[in-house]
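Letters A, B, C and D name the chains as they come in the text, with residue numbers starting at 1 for each one.
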Amino acid sequence: MNQIKIQTEPFDLAAIQEELRRDNPAIGAVVTFLGQMRDINEGDRVSTMTLEHYPGMTEKALQAIVDEAEARWQLMGIRVVHRVGPLHPLDPIVLVTVASAHRGEAFQACEFVIDYLKTRAPFWKKEQTAEGERWVDARHSDDAAERRWQR
Amino acid sequence: MNQIKIQTEPFDLAAIQEELRRDNPAIGAVVTFLGQMRDINEGDRVSTMTLEHYPGMTEKALQAIVDEAEARWQLMGIRVVHRVGPLHPLDPIVLVTVASAHRGEAFQACEFVIDYLKTRAPFWKKEQTAEGERWVDARHSDDAAERRWQR
Amino acid sequence: MINLLYFARLREALQTGSETLDYRADLATVAAIVDLLKARGGVWGEVFADDQTVLVAVNQEMCDLSTVVTDGDEVAFFPPVTGG
Amino acid sequence: MINLLYFARLREALQTGSETLDYRADLATVAAIVDLLKARGGVWGEVFADDQTVLVAVNQEMCDLSTVVTDGDEVAFFPPVTGG
């Protein structure tokens, strides 16, 4: 019922949302988060970004996050797609889409999944800027976002 | 920069999200709420729903909500599309999509707009069930959702 | 002249979507207009009874009974909204 | 045998993505393995220095220095994650 994908190729935002909602008239709300690559980070222009991950663990970590969301809220389907490999500004990086009968649960679960993904799923971003390559540092704001959900 | 549409015809979920994000590489997050028609409400099977609105005031009310969201958060575009007229189960009813540099603001603004729309925009739903027609009653949970945002 | 509009459940109950009233000084608030409509009796009395939740907008802005109405205004009555 | 994996900044600094260690009873915790790696000195000492934030997963589950390691386990070291 839920689906997690790690892929190098682009994903089809519309097809994923459609597939999730299309056949289930009990769904009243679909909330979707799309993360896309920005051309500026920490004040520097970024031309390319390369996303590395830990194959195997990534899928397990995302599955654990999705299972936790399922346990916390009444949901009717979750899709998570995350790209790896080289990316350019405007490229979609990650999609999280959550269906539910009512909007409150869909909003909460969607934000929960992306907040946990940011701190618990083994992905690493390396940026190419005019000054050369650099690994992106983890953000304190992401830790704070995750802590809101801790029980 | 922001856009509000009231229409009888279906809307293209993918095209709206694409148009919003496509040309702005400063955008890092797009959060989208899609409300679709359910085939069951208050335990009864609903075959058709008709959405009535107050032309003129609807646009003004939605504009005021969007302006308020703009004032509260750092955003890079909002789209609101709401259908009126006859609708059937699985039909998308309303779309709210919000772009921002960062996800926290996009999530908050998107939920704010749909919560306010539910209590402040002059739309009314009438359902056709096996037992006949009935106007949908306003929900206390929607009032509670709106109150969270009051300052 | 004042343009009155009725929507949804109210429109159906009153069997009309709009009407016009000649403007008079004693109709200068929403409350005065509601009293006039209520005084028509029958379904008008029921729709505007004190225990009914009726929302009102003057010139397409939500307002309340104390809001001032002037000549040429559009005054709309409707039930709590249920869109989205 | 224990499979060690290194990712991202660590993989580049150490100039290797993986290696294997023969299993020994005195390598039965993550802490013991970290001590062994640190003792190699040079860049190993720097990467695993106490002031560096290094995350560790045993068999693809996040864990900590006290986690027990047994023969055949996969032990991965990496910096704080930055996906999404």
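The working rule: contacts are C-beta pairs under 8 Å (C-beta built on N, C-alpha and C of every residue); 3 or more make two chains touch, one makes a residue touch a chain.
Only a predicted model underlies this, so the values are computations on that prediction, with no experimental measurement involved.
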- Remaining connected clusters, assuming chain A were absent and nothing shifted: B, C | D
- chain A and chain D have mean C-alpha positions lying a whole-number Å distance apart equal to 26
- Query: Hey, how far is the Cα centre of chain C from the one of chain D, in Å?
  - Reply: 73
- Just give me the whole-number Å value for how far the CA centre of chain A lies from that of chain C. 49
- Per-residue multi-chain contacts in chain C, two or more chains: none
- Query: Can you list the chain B residues in contact with two or more other chains?
  - Reply: 35, 114
- Note on the structure: So the touching chain pairs work out to A-B, A-D, B-C
- For the chain A and chain B complex, residues of the former touching the latter: 13-14, 17-18, 21-23, 25-40, 89-90, 101-104, 106-107, 110-111, 114, 141, 145
- Note on the structure: Given the complex, residues on chain A that touch chain D span 35, 51-54, 56-57, 60-61, 82, 93-94, 114, 117-126, 135-139, 142
- Note on the structure: Note: in the complex, chain C contacts chain B through residues 5, 7-9, 57, 60-62, 76, 78-84
